[in-house]
Every structure is written in structure tokens, then in C-alpha cells.
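What follows is chain A paired twice: with chain B in the first complex and chain C in the second.
Let's turn to the complex of A and B:
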């Protein structure tokens, strides 16, 4: 029996489904382990670079720009300024659009972190807006950044542009 | 660079939302065969193969380089894979150039690709990381805040992104390989398209494309006698910077400025706007055109948007940007940087067809990737340097 002729009348198989699932583990390392223990206590900590004096949150154990170890640790207030943001209009798991993701410069730090902004009309969010961290109930706290549910506006005047323009 | 290197062949697939008529291997082979034809070469003439693509998760094929060795004629030859996120198409071209300029190889086939239809890049980029609060949905969720910061910093009118979106889609109408063909495109159409990641509208984003782009690089001896004019590589540069660095400027990254300075110095370019005839730059969201105009030194800080506003970057302007239609018209992610490099080469070879910029003799190819932390560039010219 010969099968050496391609039968053009047979439609090609264009797609087969290949579902794959992977769960990952992550070892935070020394600096981030300390940060996670602080979060468990309800504190946000940062580390200062001995060379450029800039404060990293989360601490990385080193300054990425100077390439030197960071040891001096400090506790931040959990208040900060929105340096820029995005209002997302497309659905994301667990989030109903529109929702706001902001880059926040925590007071006393020199780098921004990304957080959701809630308890606020998305249309009200603006550059320079002052915000604070909202924590999960004390009983539910773990060594996890998820301890901070989101940030919400606080009753303070907006920060001057000059104070946050370089933090993007 | 030590030994001269030339682009002697370019091959592209038609970029499309779904190329279900071919496997990944078939897609790459299509581009590679076209590049070999352009170079007047066969598989046997190739000494080494270099491939590039974005994260494996974009198709779910682990280490595609393993399975592609035979399809790309690499059996018994060196085969390397490069990975630098979205800039990979550019850095793969640069690494392959080094293989020839160093004298290690004479003729190198370079192929970059993405087959986005086989998975979902937006969700592959939206995985929750242990130290990221909030939620970033896709690349747009990361870059929209950067664009907002640029708009504020440069005091740019808010229709600049719309103008770029129209300009690149008009250019794409002259490129037979472009994915998006929107003959009715207008500022009104872009303005009324849905807002996805405010300030980014749907029509201000790139499409998801399947496609591959290939080039053949050759040393000076091998470039003699090839059937079509070569594009001579005058300089190559790559730079990177950390994702999370205190004092980083994501709007106008140091790595991009340093990369441009390096590649201009190699190519003898002192005034990029005067010395470069056209550029293919990586603009996945329309606002990145004015931002990169500043980062690349075509405009002073805060003034990139004026080049868009006054039409300088249009096809008939004094500094045509993305005459091919750019990433906004075709985005096979891992190949998108190589498309920029290849299109720059086509321009100085005089082979860009209906989107040929008159008299283009020096062109820039540019790519960036990650959180704007990887940069790759080359300058190509009609004459050797």
C-alpha cells in the first residue's frame, strides 16, 4: 500500500491544546528575608547605600547602581507620594476595571514601588497625591508583601512636582 | 570593529495574527530561506547560526533552539541562542556581527522569531512576583505610567501618541510584510479606540504577531559577488541597567543614552539628526517615539514630541522614523528588534520597495527590552567604513 501522496482534501491540524502548569518556589535571601519579617510585624523597612546614600525598598542587600552592600536599615512610615500611575481598563484576575496602579515613592526612600490605589475614585488619582499603606488584619499577617492590601489617599496637600519628578 | 561586516541577505515572513499554516520551525525556515536567496547563498555556505526570541513562556516551548537546529541547517555547525527580552532581535544581530568581525566565522545566519498565537504574552508578563505589590497587566501596565511621567515632564500635548499611531499605520500600507493594514486610519479613529491602560489607547499599542526575520551576515570577502548591494555595519552597541535601581530614569534611561553615544562614536556620527537618513526604532506604544527621539539624541530633552508634531518623523519628513510601519504595525516580539535592524539595512541597500526613503545611505536600527533596561543598536551604511 502506498502512502506517499499528500491528500490535499484532508484538512490540516492547525492547533492542538497543550495545557501546562508550573508552581514555583522562591528563596528570598538574607536582605529580603529581613524585609519579610518586618512586614510580618507591620513595618516597612529599607536599606541605605553607603555610597550614594539612596534608600532601597524593598532592601536588596546591595545598591544596584553602585554595586556595594547595603547594611544600614531603617523603618519607613508607610506614607508616600504617587510619582506616576496607570488606570487599567482591562480585566485582571480579582480586579474590576477601572483600577489604578501607582508608582509610589515611600517617604524616606529613593525608589518607587508599585501598588494598587483604592478607597478613591480612579478619576481623582493624580501625580503628587499623598497616600498611605492599608494593611491586612494583624491576625492575618504573614511574611509576605500581600500584608499591604493597597494604598489609599490621605488628607494632605499634594507634593510639589520638584520633590518627586525624578522618581520614575 | 576589527573586520568589516555586511548584511548581504534579509528575509521576512508576512507578519500575521495567526500563522497556523506552519509550525515554529516552518516559520523560521521561511524567513531564513528568503534571506539566503537574497544573499545568493545556500545552507552549505553558512558557518554558524544565531537565533533570538523572547521568553520561552511566550509559546511554552522550552529551549526552542534545541528543536530548531535541524530546520535551520545547524547540524554539525555552531548554534547559539541570545536572550535579552524585547531587545533580543537587536542584541542577536550584534552578537552575530561579533562572530564575523572577530574573524571566528565568515558567513552567519541570524534568525529571530515569535509565534504569539501559540500562547498569551500579556499573561506571561503578568505573573505576580514575590516583591511586586499591586497588579501589572501586560507590558502596557508597566509602560503606561512611564508615558504619563514623560507627558508631564515634557509638557507634551496629549495627541502626540495619536499622531505617531496614525503615521506608523500609514507607513505600514507601503510594507507588504506588515501585519496591521488600516487604510482608513485617522486621528479620530485612534482617539475613539478603547482606552486600555490610561493614557494608552488600543490603537496606540502594537499588535500580537506571528513572524520571523532573518539576515545573513558576511565578511568583506564573502560580501563580494553577492547578487544584491550589501549594508555595511558601521557600529554596534548593547547596554543594560538594573530593573530596580535607585536613581534610575525609566523615562530617559542612561543605558539608552550610553548605547547611542557608543554606536555613534563607532560610526563617526556627531549630529545624529543630520548624519542619519532614517531610523527604525522600537516603538511598541506610540508615545515611545518622542521619548526615544530624546534618548537617542535626535531632539533635546523635553522636545522629542515636537518632531512628531511638526511632521519631521513622517515618511516625507527630514528624519523618517519607522518607514516600515514599525512595531506598532507588526510585533513578533522576539523578532521585532531584528525587523528594525533588517529594515535599516534594506533602506541603505536601496531595497525597501514602496517604503524606501529616497537617498538613504546611513540608517539606525534600535531595540529595547525588559523594563526599558536592555538596549541594542546598530548603524548601517551603503558604503564600507
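Let's turn to the complex of A and C:
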């Protein structure tokens, strides 16, 4: 293609695409590796701080408040309570709007985690709503948080505000 | 507690769509046409790539100047292990090249085999992409000129 032809035929450049890519090799460490292996078995695990007794999910191997190692491991039920949520109206890869993401306090955990809420009208989602994890088929499970497809409502009365007020 | 510690590839990628503004736009349009475009500054020096504002007086610049696609290496360093996304897959030099007709130098890859062949003051010539689209990749790299 000749430069002269391009000169005539194509408008000047006013916009450029500038992709930025960073490739990491990620190592989650001992505590979170155990957590991911548990997910592969279909279990959500946490670790309890020996000092303040708070339960971390996912476990970090140490309590950031007390500065001590967390070794006691426990398996959670996979049920929890919505403490905060957001309804998104714009599309995102793989998600059809409107969809709801929520911070969930898993039963037995002292920290909240963010998950997608499905099988439910977004207008029905509320603080205190009781939900449970929906897992991918057993054959498709990996050591990956993607094993939990989403959370869905369960037929239980809403949690009392007192039980999650510190997590809103 | 004994555990196998996991590891996995993890990539973060953002695509920015950037407005070029009139001067970088002219530079990119020039690359698409196989030309290197600079701009004349308030003191008469030619800056390449073209820039919007004079680096000394801050005034708006607008006098575009085409420079040659041959130039001189003003400094360089050797890249022995190129990473993905870099201009060449085999070892090459990163060099500041002052194009003939320009007063400033810009960063360009120089494809010159091994580090013993390049030196400050070496003459180089641009190698252009076969299909040019108006990005910095239109100017693949430079080759040494004997």
C-alpha cells in the first residue's frame, strides 16, 4: 500500500488503543492454598484467631488485628446473610443486567465476602436476607473460588439486624 | 498443617482508548504514512515525536516538520531477554535515536544482532511495518546503516 494513497483515503489518527498488561505468577500462600483445596472438595473453610476468636474467610494464616498465627481451621455451612448489596444496571462480561452483587457474612465468619446473587428478582434483595452457596458440578470443580457460581436465597426468615449490624 | 502451596498465572489487562490530541495525532498519522513527524519549538529546535507545548516557554506548538527516517544513536542499552509485547523476540538494543533533521531523540528498538555491533553515534534507519495502522508499532525498529 502506498503512503500517498493512505494520505488521501484515510482520516487523520485522533485516537489510539493503549493496552496495558501485567502477567503475574500468583502464589496464595499456605493458608489460602488450604482454603482453595477445600473449595475443590466443596467446602468453605475459615481459620479462628486464638486470641480474639474472630474467624477469617478466606484464612490468611494470621490475625491482622492480633498479629498471631491462626491455626484452628473450621468448615462453614455455606449459608450466610446479606449485609450490603448493589444492583448493577450496566453489562459486564458474562453477566446480564440488572444483576446483584452482595457482601455476605457467612455463618460462623467474622468477615464478609462479595458474591453474585442469582435465582432471585433484584428488587427482592435486602439486608438480612438469608442465602446459600450454589456450587458448580462436582466434576468441574477446581482449586478456585469460581467453584461457587453464586448465592441464592433460602427459605429462612431474615436475620435480625443485631446479628450483622457491624458488617453493613 | 502441611499443604501443597498453589501457584497460578494471573494477568491484569486494561485497554485504554486514548485521544491523541493534534500533535501526537499528527505523529501517529505520519507513522501510518511511513513518515516521522516532529514539531518546531519556540527556540527553533525540532522535537520528535511532535509535542503539544514548548518544553521551555509552554506555548502552543503547531509547526509540523517531517524529519528523515534515518538517524543517530545518542545512547543505548542491551536487552538480552526480550519480554512479550516488546518490538522484537530476539535480543536487541533499546536506543535513543535522533532522526536526521530532529534535535531531540526518541526511544526505538535497534535490531543489530549482538551488543558488540552498536555504539553511540551509530547510524540507523527505520524498518517499517508492512501494514501500518497509525500506532507506534508502524515503526517496527531500526537497523544499523554501514
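One rule holds for everything that comes next: the second predicted complex is superposed on the first by the 146 of 168 C-alpha atoms of A that agree within 3 Å, B and C clash if a C-alpha of one lies under 4 Å from a C-alpha of the other, contacts with A are read in each partner's own complex, and residues count from 1 in each chain.
Convention: a residue touches a chain if its C-beta (ideal position, glycine included) is under 8 Å from a C-beta of that chain, and two chains touch if they have at least 3 such contacts.
Computed from a predicted model, the values in this text were never measured in an experiment.
Trainee: Of the partners chain B and chain C, which touch A:96 in the superposed model: first, second, both, neither?
Mentor: neither
Trainee: With both complexes overlaid on chain A, does A:30 touch chain B (first), chain C (second), both or neither?
Mentor: Second partner only.
Trainee: Could you say whether A:71 touches chain B, chain C, both of them, or neither, answering first, second, both or neither?
Mentor: second
Trainee: So, does A:12 touch the first partner chain B, the second partner chain C, both, or neither?
Mentor: both
Trainee: Counting residues of chain A touched by each partner, does chain B or chain C come out ahead?
Mentor: Higher number of touched chain A residues: B.
Trainee: Based on the superposed arrangement, let me know which partner A:139 touches: chain B (first), chain C (second), both, or neither?
Mentor: The answer is neither, since A:139 touches no partner chain.
Trainee: Considering only touches as defined above, state whether A:20 meets chain B (first), chain C (second), both or neither.
Mentor: Both partners, chain B and chain C.
Trainee: Let me test your reading of the model: by the given contact rule, A:114 touches which partner, first (chain B), second (chain C), both or neither?
Mentor: A:114: touches chain B, not chain C.
Trainee: Tell me which partner A:127 touches in the superposition: chain B (first), chain C (second), both or neither.
Mentor: After superposition on chain A, A:127 lies in contact with chain B alone.
Trainee: Common interface residues of chain A with chain B and chain C?
Mentor: In the superposed arrangement, which is not itself an observed complex, chain A uses residues 12, 14-15, 18, 20, 26, 28, 32 for both chain B and chain C.
Trainee: For the complex, give me every residue of chain B touching chain A.
Mentor: 20-21, 60, 126, 130-137, 140-141, 144-146, 148-149, 152-153, 194-200, 242-251
Trainee: Within the complex, which stretch of chain A touches chain B?
Mentor: Its residues touching chain B are 12, 14-15, 18, 20, 26, 28, 32, 49, 52, 54-56, 58, 60, 63-65, 83-90, 92, 94-95, 98-99, 101-103, 110-111, 113-116, 127, 145, 148, 150, 161, 165-166, 168.
Trainee: Report the residues of chain A in contact with chain C in the complex, numbered from low to high.
Mentor: Residues 1, 3, 6-7, 10, 12-30, 32-34, 36-37, 71, 73, 143.
Trainee: Residue numbers of chain C touching chain A in their complex, please.
Mentor: Listed in rising order, the residues of chain C that touch chain A are 1, 3-20, 25-26, 28-29, 32-35, 84-85, 131-132, 134-135.
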